[in-house]
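Labels run A, B, C and D following the written order; every chain starts at residue 1.
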């Protein structure tokens, strides 16, 4: 981070300033500057011989080692050892100062769409991903998957070398083959050649495919995205004559109706949507208003958890419900045939009164009819153009079809050689098309991917793909905004970007990654290009909204016949592993799923009532059969799951990669068919008498009547802003002990439970920032997981339709900390600014502190979970944050309020002889949070953000009756249910467990 | 008279003396061990103070700093801005040694490094454990001189520790920084002669530089 | 009914004397020292010792495994970060208490019957405390740094955190071990003199002679000896109470439900005596039979021990009751929930077994004929030993497993290592007892002789 | 070969006590008596002053307690004052617990050491062990020793007096 950027204190609210702070002023020069070549490589090589030995190929070894930081930057990885070696550069790159991190803007791909990121780099070693405040899809927030990017970058199991028929070969050989191929193709005009690409919005890819098609007129391009749904495209094409993509503005919406739409947890715009949604849910004074969210959904999602009214129906019933609402909205009362929610009229009145500020959101995977209904209702309410815009699809690619078409073409013999870029159809294809058979009919199959996956094993040529942190590319966000993807380091394993391979296919060998991308943006002049690189977005590249007119006839629902005594089946993508592409990331495997809190495996979710009827219990293995295909899966009973509906998630059941091999679960693709990609009925469940281990991090779901998550409705809050004090023991006012004076900074945190959507981004960010170890399924099952920050999820009310509460629980940093008094060796003590410091090197592991912690936020290294001797730690230590000690076995650890960030800002402030600015210190969890639910800062500073939050009437401390005086406090959760609809929490407060 | 038949005089007459000697000996040994151990922890044997460390290239601070008078920052250029002072890149050495002592044998490794691109390897002399986060820039900014911790490097033909760098030693200054402060402009001077009114200056430095000793012993100042 | 039985028992068995039969001094010193000097041991002595030794090996293996792998090999987790290490620690400390009570308190109370059982009771104390002392160290995440609990002149400014009950523990146990050792050794001095003079070999003479420090039974020595011996007893009495109170404070000091209970100190001390006397009987009953010293360790001793057991036991029962009552009376939802969970939660079986052992079985001791029936008394002692271990375990785990935030509720399950260390230490304990019996006089010669003298040659 | 004194063996404690009293009345001062267990009051008869052991124990206790409390105070107030759980630096209640334990320890050690010191132990070689009849270990015998250094000691006379007092055996003890 350049010194100039930080002369003035930076305020988190001031995005531009934060960008300067984060991205730094010095313009981007070239790749060499970043990961300086020879000199850097050699000195690191000299510094980490052990890592060098671990790598099989000398070629890879060089390229990996060049990127490892200096010994200084890896301080903290080892215990003290006598006579360490220190190794200087041979040529020190300009403006690289050992010991000072630098930040670069780029964009990471989420199902092919871009989310802006700012990546922290220590001596050319990317260690942490933050959101890019200037990027519309990020707004400074990240999600768990983005956080894990640094880990997958250094994953030693990534594909390391090109393979010809499975044998290591050189990229040169590959290019030779390509040259021959290209020669032949040029003659035949690309006869029999096909491309299979994964989901992407890259303009460069688009352009390259375009030029390829010119070069090979007969070339055919297919796209395979197992997580995509064509429903929106069909609906918009039918309604408007051409495919359009809806973009929502939740910040303008007063009343939102979700039709099986998980807009907070799924989709390329989720981070931005969450930010907008939460902005309308922030209540501090009685005068403040709130949006209201109705959700009809077919499986519990975090969106449903955030809803004021949630209604669970089977996935097939959603279109009926949608129709019913539409009918009610249009005043037709003869819609008796339609299923009733019991709340249409209140809902519809709400919609009417909201008018153009209403918003109906269809679920991406729902039927085209649901989309049509939703759009029609929006149009009728006048919401289109206000809360909802239509834009040209940003992922439009000149493609000729999808995977089934591709396979048919092969079997018909019209394709004999194919290039598969990124995707892994052998694992992610629907079970009713035999990809293996089709692919094995090919003369030539070229595959490029991060891992040597199922498809790679079948391919004649496998080329390691460059990680997105290694490659030059460009990508569009959900609203069309383009970003330049720039590499943080040279490819570790000499991977090639999609663009390089496309170029090679076009006869352009050894093309420079950067040049290929730059060519696409030739229109942009050099200064603008540099600015785009630094800012992480290409200015004014967002797609503008198009005007649409809604036809009167929107068509009818697709037939849906519920078969008696059969179950409905619902597919979801695992929130972290997606279609399985992230299955080898231990961070994501061990990150609890927001609602089920399951880790290291998936389960078949069923509702409590269904479980009771079928006499099933958690972990019991059932056989699920449909259309001749079947699979065995452990059952997990999920409160809020609709009746007779089984939810299966993709992403598990892969055994490629040692981490993925650890995980349990099933491969849901085995039950998926082309005709029913997302939900189907006619599922037959037969219980087996075996059971399988399902690992969860939370065993008790009820608040047991304790005032843990304190909540109230908006009306109740208006009547009594201090509702968090109702029916709970008053907090003790005095203490036996004299208070300590905190006359300088007094760090504190406030968590707004109304804003928290339980997306787990903070937990993942905490793990990445603080070098938190993963422990694996066996240890986790014993209760040895290490997350410093956890999100407790509680259910309240009826078990089949419960209210769902999330509560992030970091260390409370109690001023009267119970943990400190019982430590026999002063390993945890208080600092002058009120931090509950944990001194790892002083801890002897009596675990008394944890026994005495009412919040149970302390975590213990029961075994040696990560190698802290850098000479034997291996490549993945490169992902470590050098500013945080790596803890050894037998040591207690816990949330430190990101003390390394505090110390860094404090030192800079003191060098500049000034106060630390408000919002200058940003904790990792706070920075990642999409809804800005977390506020951190100095309580002693008048008008600081955190002081303002804590001044709110519904601010309360967890277990305050214990008089531990926590520095972390919560704002009670406020919901905004429609008073005309019964069965929702009224004015009662406190944890109604 | 055989054993077991009474005759209880088991020990010879000098047994008493031996017993007394052994008992007193044990007492004195215990005391000696305690004192000795306490001293040993702080001695050069453990801390390595005053022990020159052999280096691949016998770089002499005495020559470069003492005789030639190079500024610390010429080689350690990160010291004012970064946590780490930084080590000179090979090319920095060669800026001079491409002209001077171009053929000297002792510089062969340097030339080799530049030629091959293989970095020089130095043995670290002033090292702290990796759970200790020392930041050079703040010390420089607050008027703690190089020589305060690193000693008279201009007198060291081979680099050696001037102080134990133990936590005890660090805290000595963190609790009472006053005696080790000097005007920040002078921090790079060696053998700095305090002016007459040094106490006055130091008192003012504490307030001018906004130094709060009570906050400097917090654990996270060094351990994170 | 019970009274009737008791009454009939009274008639049936006359009040057992402290010593039975006629004794004179040489006969006593001869018989007792013969065990040591001529190795006059029952046949199965070494067989039994070998069995114990196998467990010693298990102990060593478990410890090695633990140190090389880490405490994760125990069943502990978050939230239940303490387990068998702590419960066994408390249990062993408790066992130690009976020895000190017999030797110190009964000495002060001038209870003559203590004479013939105090020696091995004290030895039992020492070995139990030695075992107990190991546990907190084996419990540590980084055992090799246990000495950080000591104020040593180090260079990294390390001081113990004096407010922590663990530091109190450390000082209490260290003191207790030292004082017990001194007290025991002082008691041994005169007998060592006897063995020195009766030793059959030069080696024996030197071994016992050096330990005896040249004791010759001078009247002046006896006078000072007796004074200091009594003073030490007077010191040991408050010490023994303080030690287990401090152990109890490990829990009482904590804020966790189920720990924060002010009744703990007194009822831990009572529990200590209960388990301690149980262990005394567990050792004494086989011992007196095996070595045919029923006339020195008489039914009177056994019966008195049993009476003390029921006395201490009833206090413990009261402790359980008041703990439950105050959990309810406090009105604290957390305490109440924890108590309820203790009775019906995952650890309920242990809880009920514990109540059965410590409350139900205990009541049998009201019957005199039970107190005088060695096989039954022996099995009751064993059952109560088990019950008391369970009590400690239940206290240690149920609190944290049902803490303040239901989200963090969870249980721990024991691993082989938990058992390995527990039974390993039991084996080591008994192995030490065997060695003690072999090497040192298990019955105090000079006090028994004194007793004989006072009784004019016994009953 | 000098003479240490004469030692007389008696059958039971009472005889020993009477003999001791008698010899003392005769003016003997440098005497010692040996018994397998304490014979109450014998020491007083032989002219032993009231023992000062209790004072040693008290001193040891005080020293232990105060030293440790002082050490604690130094550590928390002077050497490393640190905010632990918001408790005051000088949290005397916990500190007294440790001081108490230290006091007990000090007292016990002091008592033990003082006892050995005052008794002149260890004394492995002692003239009395030269007496053939001194079979302390056998038990059952109670001995009275008159030192040759006693001013009233007359070889034949003293032995005679002891015999008349009912000594079973009277033997000269070489130094």
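The rule we apply is simple: a residue touches a chain if its C-beta (ideal position, glycine included) is under 8 Å from a C-beta of that chain, and two chains touch if they have at least 3 such contacts.
All figures in this text were calculated on a predicted structure; none of them were measured in a lab.
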Query - Per-chain Cα centre nearest the global Cα centre, belonging to chain - result: A
Requested in this report: Tally the contacting C-beta pairs at the A-B interface and at the B-C interface, and name the larger one.
Outcome: A-B
Report summary line: chain A to chain B, mean C-alpha position gap in Å, rounds to 47
**Report entry** Averaged-CA centre spacing for the pair chain C and chain B, given as whole angstrom
**Finding:** 52
Query - chain C and chain D: spacing of chain centres that average the CA atoms, whole Å - result: 31
Requested in this report: Starting from the mean Cα coordinates of chain A and chain C, work out the distance between those two points in Å.
Outcome: 57
Query raised in the report: What are the residue numbers in chain C that touch two or more other chains?
Result: 157, 159-161, 163-164, 167, 196-198, 209, 214, 216
Report summary line: Touching at least 2 other chains, the residues of chain A are 818, 820-821, 823, 826, 829, 831-832
Query raised in the report: Where does chain B touch two or more other chains at once, residue-wise?
Result: 6, 8, 10-11, 16
**Report entry** Complex contact set, residues of chain A against chain C
**Finding:** 698-706, 708, 779, 782-784, 790, 792-794, 807, 809, 818, 820-826, 842-848, 850-852, 854-856, 858-864, 888-892, 958-959, 962, 964, 993
Query raised in the report: What residues of chain B sit close enough to touch chain D in their complex?
Result: 1, 6-16, 19, 23, 217
Query raised in the report: Considering the complex alone, what residue numbers of chain C touch chain D?
Result: 24-26, 28-29, 151, 157, 159-164, 167-168, 171-172, 174-175, 178-179, 182-183, 186, 190, 193-198, 209-210, 213-228, 231-232, 235-236, 238-239, 242, 246, 249, 445-447, 449-450, 453
Query - Complex contact set, residues of chain C against chain B - result: 153-157, 196-202, 205-206, 209, 214, 216
Query raised in the report: What residues on chain D touch chain A, complex-wise?
Result: 80, 82-88
